[in-house]
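Just so it is clear, A, B and C label the chains in written order, and each chain counts residues from 1 on its own.
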Amino acid sequence: MDPVKRLTDLGLKLPNPPSPVANYVTYVKTNNLIFLSGCGPANYMNKNEQRGKIGKDINTREGYKIAKLVGLNLIARLKESIEDLNNLKEIVKLLVMINSTDDFTEHSKVANGCSDLLVEVFGQKGKHARSAIGLNSLPNNIPVEIEMIVKI
Amino acid sequence: MDPVKRLTDLGLKLPNPPSPVANYVTYVKTNNLIFLSGCGPANYMNKNEQRGKIGKDINTREGYKIAKLVGLNLIARLKESIEDLNNLKEIVKLLVMINSTDDFTEHSKVANGCSDLLVEVFGQKGKHARSAIGLNSLPNNIPVEIEMIVKI
Amino acid sequence: MDPVKRLTDLGLKLPNPPSPVANYVTYVKTNNLIFLSGCGPANYMNKNEQRGKIGKDINTREGYKIAKLVGLNLIARLKESIEDLNNLKEIVKLLVMINSTDDFTEHSKVANGCSDLLVEVFGQKGKHARSAIGLNSLPNNIPVEIEMIVKI
């Protein structure tokens, strides 16, 4: 399965990989692993981007779509780091961090927005370990931030 | 020290490893590391399982016991991944995530429920790096979620 | 660039590496990586240490300074683990966890307190992947906790 063809089949286009918003780099390759920095749903310059807490400002279904946007950004950064997405050996692990109300419980459904995308695009190689958690605040009030470890 | 014998000596029985509740796998082996997904205290089908926030619904002493249950689940998943627990080289790191009130401060005491178990069962190999943090919400309102990295 | 000389040039002195406050170790070396435990801003015995939430008890500018203190502690623990700081190959990744109010948004500015220090001390080797997130509570009400992965 060619991930670039899969993206096309799914009608998806990779965005420009979002730049870091502070003094860090978007990924570090170490041995045969790549550690990707926590990433939000969109280019931070996009003023129409949704902000706020899932469970109040944004519902679970919208949260799923936002986690998928984060996934696209992570794939864009991954492509920047390895050039050819076919060089991916496997997605190792996600930490899915959800800006949420104190009584939110549907983290798994939101996180699946990113997980489903990775499995659709990379197939068996896209199956990953994961933690999904609720945060009381995230940078710039983004609704979802995800960090990822992959093997090349 | 044989970890299976230690579990028996401690009067503990490994549960069935809990299934993932969404589109992810419970562990990924990569090189000689295993990344285990965030895990809760019990089988998600168990309706009698305690839910809620530590510091309000659940006290620190109960939280310790719940973190120990999470530890048992993690060992069960580890056994599933490496078959013989003697194949473990070392526990590398835990991220202990505690569903807590805003003024909770005893994260270390709760997290020790899992850490003490790992050291009791695996001895020197069970000594690990760790972070313990408070979350304002966790999936399905579970009180504790822990992810783990081990070396085999 | 010699990191010890850089620390001197910056007028900084490494503290004693803070001891763990519970049943864990401050770092685990595995393969050529070191996983450092979550670390707070100061020795836990220091009664004058600032405690509380950033966005309420502590402002962003003070948070930056606190994150820098955490960075110094992490470098002190790193030195304990590798003896000579010149043995560092690279800082791989930080997880910057900020004890914050629900409406806090300046996580990146706080986290830069640690990131700027690492780049000042280690130069190119100090550039790292990072996630910065807001927590509703941290152990002992410390304002910032940071965990780190490095390559040697």
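The rule is simple: a contact is a pair of C-beta atoms (placed from the backbone, for glycine too) under 8 Å apart; a residue touches a chain by one contact, two chains touch by 3 or more.
Everything numeric here is computed off the predicted structure, so don't read it as measured data.
Q: How big is the rotation relating chain A to chain B when the fit is done on Cα atoms? Please round to the nearest 5 degrees.
A: It works out to 120 degrees.
Q: Same residues or different residues: which describes how chain B and chain C meet, taking over half shared numbers as same?
A: Mostly different residues: under half of the interface numbers shared.
Q: Roughly how many whole angstrom separate the Cα centroids of chain B and chain C?
A: 25
Q: In chain C, what residues contact two or more other chains?
A: Each of 31, 95, 102, 135-136 in chain C touches at least two other chains.
Q: What residues on chain C touch chain A, complex-wise?
A: 31-33, 55, 90, 92-95, 98, 100-109, 111-112, 115-116, 119, 127-136, 149, 151
Q: Mind pulling up the chain C residues that touch chain B in the complex?
A: 21-28, 30-31, 35-38, 53, 95, 97, 102, 135-141, 145, 147
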